[in-house]
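Pasting a structure here, questions to come.
Labels run A, B, C and D following the written order; every chain starts at residue 1.
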Amino acid sequence: MNIFFLIILIFFSGAILSFIINKIAPKFSGITTFITIAVVVFLFFTQIEINSITQFSLGGIQMQFGVNNYTYIFAILVLGLSLLASLYSIKYMQNNDRLGYFYSNFILTVTGMLGIIFSRDFISFFIFWEIMTWSSYLIVLYNGKHSSKSGMKYMIFSAIGAYAMLTAIVSIKGSYGTFIISDAIQQGAFNFSENIYIPIMLLIGFAVKAALMPLHVWAPNAYSKSPMSFTSIFSGAMSKMGILGMGLVLASVYSQTTNDNTFSVLVLKQVLGWLGGITAVMATIYALIQTDAKKLLAYSSVAQLGYIIVGLSTGTKLGVMAALFLAVIHAVFKGALFMVAGAVEKQVGTTDMTKISGLIRKMPFTFFTALVSIIALAGIPPLGGFVGKWMLYEALITESNNYFLVIVIFFSSTAAFLYSYRFLFGLFLGQEEKETEHVKEAPVTMIIPMVILALILIVTGAYPGILFEPIAHGMHYLGFSDVNWDMSVLVNVWGEESNMAYINLSIGVVFVVVFLFLTIKGYKGTKNVGTKDISTSGEIPTENENLTFQLDFFKPFERAAAPLYKRSMDKIWNDLGNALEAIFDFTRRIYTGNGQTYALFVIIFLVILLIFKNTLFTN
Amino acid sequence: MVITPIHYIIVPLIAAFAIPLISKIHKELYRIVPGIVMFYNIIISFVLMKEVNEVGYISEIIAGWEAPWGINLIITPFSGFLVSLISVLGFLIWLYQYRFKKVIDVGEIKSYGIMQMLMITGAIGIIITGDIFNLFVFMEIVAITAVSLTSFYRGRDGAEAGFKYLLIGSFASAMVLLAILILYTQVGTLNMAEISERMHLVPQGIKATILILFIVGFGIEAELFPLNGWAPDAYSQAPGPTSAAFAGIVVKAGIYGLIRIIFTLFDIDGAFDFLIIAGLVTMIIAEFSAVKQTNLKRMLAYSSIGQMGLVLIAFGIGTKEAVFAALFLMFNHAIIKSLLFMTGSILMYNSKDKTILSIHGIAKKLPYVSILFAIGSFAIVGLPPFSGFWSKLYILTAAANKEMILLIIAILAVSIVEIVYYFRVVSKLYFAEDTEHIEIFKPSINSLIAMGVLAITIIVIGVYPDLITGYLHNAADMLLDKTSYIKFVLNNNVQIQ
Amino acid sequence: MQEEFNEIFLKYHEIITLGVYGTAIGLMLIGLYAILTKKNLVKIVIGLSIFDAGIHLLFVGIGYVKGGTAPIFSPGYENAGNRMVDPVPQALVLTAIVIGFAVTAVALSLVIRLYKHHNTAKIDQIKSLKW
Amino acid sequence: MEDLGLKIFGAILTTILGFVVGMTYGGIVRKLTARVQNRYGPPFYQNFLDLLKLQFKKTNIAHGFMGHMAPVWIIIAAVTVLMFIPILNGHLWFPNLSFHGDLIFLLYMMVFGSLGMALGAGQTGNPNSAIGVTRGLSQMVGYEIPFVLSLVALMIQYKTTSVQDLTQIQHETGVWLAVANPFAFLAALMASLGMFRYSPFDIVGAPAELASGPVSEFGGKYLGTMMSGGAIFSFIKLTLYVHLFLGGAGNPEKTGIIAILIGLGILLIKTFILYMVPVFYGWINPRYRTEQAIRYFWGWPTALGIIGVLWAVY
């Protein structure tokens, strides 16, 4: 049997199986999910060879399955992350109800993502896209009635995106007579000189999943409301499906445009870039006023996706490379961070940072993961995040002369330090509360995935080349010639380089020296104290004195940046929604309920038709 | 004994008169006999479908008068497809309602099965008859039975809905009668094939008038806006099985009449553009009004009207693939909407006051019904991998091939609205703090089977649509070339004595 | 006797036909008026049947052929095949009348039930189903 | 092999230089401030004495892991950054890694230390520390904008992102970048006011209300290490400015001991003058609140920076 069909089949049967098993023994539902995904991962990396195409036909439509170098990047990302997430969620979801529901949708979502990666034609692409969408929608609903509104928002926006995509797809069929993606690209379906609205429609469709302004409003709620073990792939992997599509479309748009309409492409670049930049800034400043860790992470996801889109919008070699690199890295650290939030939620019961603090001593491994991921998120060397950021800035400065966009990005990533610190402090540092004294470290099956992700971040920081290799192949597929990369040296087009090896060397040496110095010197004299043993400007605080500082964390910044907080996209969308509801309510008043009125309608209709019959019915 | 189309008509009629007599023997026969008849219909359909796929047409002469003088029943792949669909649905609906009535205290359970059966017979007659006045008669049979079924429950406002239906329905019959009248004065025959043969003799203005009268007449049955005022009331007030039958069967018959008239009898191009416009308006207004409904069945009714609008649009596009898509959509709508009405009426029956608000979180108590309803909603809004997706896709493709981008956008925008109100219900069904319910009436096993069959069909077709696309393509071809139809009917080369 | 009857008839043929058509149209309009304006359910039903009657009359009128005879081969009219009245409309009218009767019957039964249910026969007060 | 030896020697030499210079400047400023405020003030080598006292304290209070790591991170950041900026235009006695890193790397590396400090301060559980940290971070968001604007202006004006090359250019053309792009220089200068956290931007430390803010809970070896780190940082900033805008110091070709001393002298003079700017500004200004500070930085400095970028483009 064909390997692609086999994988899809395994997934579907796994979904059904986990649903049924939950009825018998809820414990094993999660394990089934994990095994299913593990089997698929094994099959994928052993059986599938890249660039192999499988032809088949469904409903009279020619379809193709296959994996190419570009989608391979995302395949790694999706499979790895969902494997870890499913392992994580065994303990995390333990003793919830509706486990079968959750896990079957979990598998279906992964199926959708992998199917998107497999499909080389628009129809199967769309089918899997929709499967991914509605299964994830069902999981967003999972947490009960509080999340049904945000779930609806998510579904509506996804539908808008998906249908924009479908419009483009069918009109590609209409004008080029093919559903095969590569054929469509060769015939110039994404060529601005041929037609301008097909690529735009497709981009809109992908932008929704990639949470780009102004279509991002679903994201914060949907991310924060669904269970964390799912959000780690929701934000980590699924948003990258949008990036996948955008990358594909943009690459062919840029490569195929002829000279006579470079202007429209320029406009597209600027619009996309600025939208991405604004997304990054707004999401960041909204992230740093959140008090719920999950909400904070959700907003930060949106911001990070903004960077990625900026990178894609440049269309230059370094920019796209940065975007893809950031996409992978973001999947890793954001997956880890949501797992951290989930672990805290599982152990403490809430992620509201005004209620909990000082967990570092209770949950050291979780803290370690959080620390590493946050460093990567903030883009501080020597971790992977820095590599991506570096490439992004270099691309913006040196290749696409988009200087003020650089400032916007830099502003948002500087402000990102604020919420990064907010996250770490709010959950792990600060005073230790009485309420959280009983808290233990999360169970080991939750720790393992987190720590693995953290280690991945460290390694990719030291040797980004590990990721450059597949990315370079993928970019070659996208049509970028001679993408050169080195295991640990970053070079921009001006020849300036940033050598991670030296950086790591220097950091490592100093670290060892100073750490030993500090630890050994006066070791006996060093005594560890708790967080209550502090001197607030001289006097010793009493026992019941409140020393917790969590509320209005960045009030000064809020005051300073007040104008930025004034108008929010959500409000605009809500007004639009209310207006539509009013229209709907008005429309149904046509059916007055009086039989005579209906009869009158009939007669009027008849008369009108008879009057206009000669204009209406002529041959 | 060889099976011929006439059995569709004869057997139910005989049964209808026989049931009161034979049920003196045992009361259960009231319920069982219609089921047997429905099942026999299925047998007929499959035999005839097999035959029709071998020889293009089947015609039956009634009372030995050859066409065009006598009345004759004609089965083309198109009508044969619809007839088999209706027969199967009719049987499933019977299966669904078999024990349904026990829990509802209604005296004249006797008449219910009979009328349901007669209504289905009428619908089948509309589809297979080759004689236009005969078509009118069957339409009247459907109308009268439908009205009396609508007003079946004494408790509710059934009578009101029924009266509205009857008022508008009698308009429909009058229009059709007038149209037939004028047509007869022009062409002097009632046989459809011959009419369409002689249609070119008719002057343009009169032709248009006839067409308009037909459109209004059948448009009322086909829930065309603004002729569909009766529909929401009737759907929401009729008993569950009947609403399912309306959505799956009666409307299909109406659409069939409209399409048969426009495609076979007339050669007016403007009619197609008119279909697109009318369908668009119908769809938009219906879907918009569906959003704020509080009664689930009423909401479903509006959605059903909207789907009919989509069907009309697809027919109006008029290309071969569009007609194919329209047939596919009719098929989908028949099975999906019947499923939705079956499940929905059970949900409504369990709600305190027939509102959506009072079935929040009922999924814990009625897991199977809820999940079936969810499947139905997913399918009707056209999410893959359910069957609704394919028909929508084909329609859009057909529209795109004629470069009707605005039409595509309109259809998709409306489907977003559809998603909104269906998913609202589904999410409330599962994830809402449950309001207290009256004692839950669990659906009996046979109704579960009926609904399950429909749901499985939806999924199977969705995963592997090739199962029926062959028949549909065949039917679409036959619908589109009327010359062979005429040639066949007027000198019948294939006959069954 | 038959002959002179025909004479008279043929003389006034035009007027009669006009009269028939006029009556038919008039009946239909009256029925329509009743349906659309009267509030009482019974009156609306009556309007319906008047409307039907109009259509039926139209049918019969159209079926008539000038100087035609009854569509029966009776002694003395063996060669009347070409000048007999078209039988089809009359057959149709019979059917239509039966149907109209059935419809009226159902309608009246519904009216009774509505009156019991709402204690009124005014159609614009029976609007519990709307929107 | 002796190349490596030279490198190590140079690295250590650079570190010591930075440390000493930073501490001394700090002492001098304390003295001068005292005089301005009409006090006698400590001697200029007071900082060294403080450091010794701290380092030789018998007992130290450790506030857990991050508290232990904070000084380490500060030193890491300080020394690493020091390694990646040119001293004396990259003289071979002070061989640094500045060919292997560029401005953006430096920008991000500088944050490393403050993040470590912030985390350490956070773990102590002293609310004052946390408040100080939040103020510090907010203020950083303020002054980074004009600073980056000016840097971007330089980068695009000279099509390079490497400090080394910028210094080289000035050395060859002889034109200081402060002259070549004055707006960028002004923006950077005003940003530096915030960086040094002297009054009016000293609300982070806020000795009166916050008990010296983030560091309030640190003592002994920890505080000492932090102090040395901070000293090196102030030297770093000065040297960076000098090499970016003020034409650097010294002449890499001349390897004689004299040349080096001259170069060092020039470097010291330039850095001291530069160091005086925030100090003077602080003497004559009262303290800003955080939001005022941020608004200040987003006002004229940012405008100047934008003008600088435009100047660079056209």
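As a working rule, a contact is a pair of C-beta atoms (placed from the backbone, for glycine too) under 8 Å apart; a residue touches a chain by one contact, two chains touch by 3 or more.
Remember, predicted model here, so these are calculated numbers, not experimental data.
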In contact with chain C as well as chain D, sorted by label, we have A
A student comparing A-C to A-B should find more C-beta pairs in contact for A-B
So the chain most remote from chain C by C-alpha centre is D
Whole-Å distance, C-alpha centre of chain A to that of chain C, is 72
Whole-Å distance, C-alpha centre of chain A to that of chain B, is 45
Separation of the C-alpha centres, chain A versus chain D, in whole Å, is 37
In whole angstrom, the CA-centroid distance of chain B from chain C equals 31
Among chain A residues, those touching two or more other chains are 588, 591, 593, 595-596, 599
Check: chain B positions touching at least 2 other chains come out as 163-164, 167, 232-233, 289, 292
Expected list for chain D, residues touching two or more other chains, is none
Contact graph of the chains (line, ring, star, complete, other): other
Chain D residues touching chain A in their complex are 55, 57-66, 68-69, 71-72, 75-76, 79-80, 83-84, 97, 99-102, 104-105, 108-109, 111-112, 115, 118-119, 122-128, 130-131, 133-135, 137-138, 140-142, 144-145, 148-149, 152, 155-156, 159-162, 165, 209-211, 216-217, 220-222, 225, 289-291, 294-295, 298, 306, 309, 313
In the complex, the residues of chain C that touch chain B are 35, 41, 44, 48, 51-52, 55, 58-59, 62, 88-89, 92, 95-96, 99, 102-103, 106-107, 110-111, 113-114, 117-118, 126, 128-129, 131
Given the complex, residues on chain A that touch chain D span 358, 360-361, 364, 371, 375, 378-381, 386, 389-390, 393-394, 397-398, 401, 403-404, 406-407, 410-411, 414-415, 417-418, 420-421, 424-425, 429-432, 492, 494, 496-499, 502-503, 506-507, 510-511, 514-515, 518-519, 521-522, 525-538, 547-549, 553-554, 556-557, 559-561
In their shared complex, chain A is touched by residues of chain B numbered 163-164, 167-168, 171, 175, 204-205, 207-209, 211-213, 215-216, 220, 226-227, 229-230, 232-233, 267-271, 274, 285, 288-293, 302, 378, 383-385, 389-390, 393, 396-397, 399-403, 405, 408-409, 412-413, 415-417, 419-420, 423-424, 427-428, 430-433, 464-466, 469
Touching chain C in the complex, chain B uses residues 133, 137, 140, 143-144, 147-148, 151, 154, 157, 159-164, 166-167, 170, 173-174, 177-178, 180-181, 184-185, 190, 232-233, 236-237, 289, 292
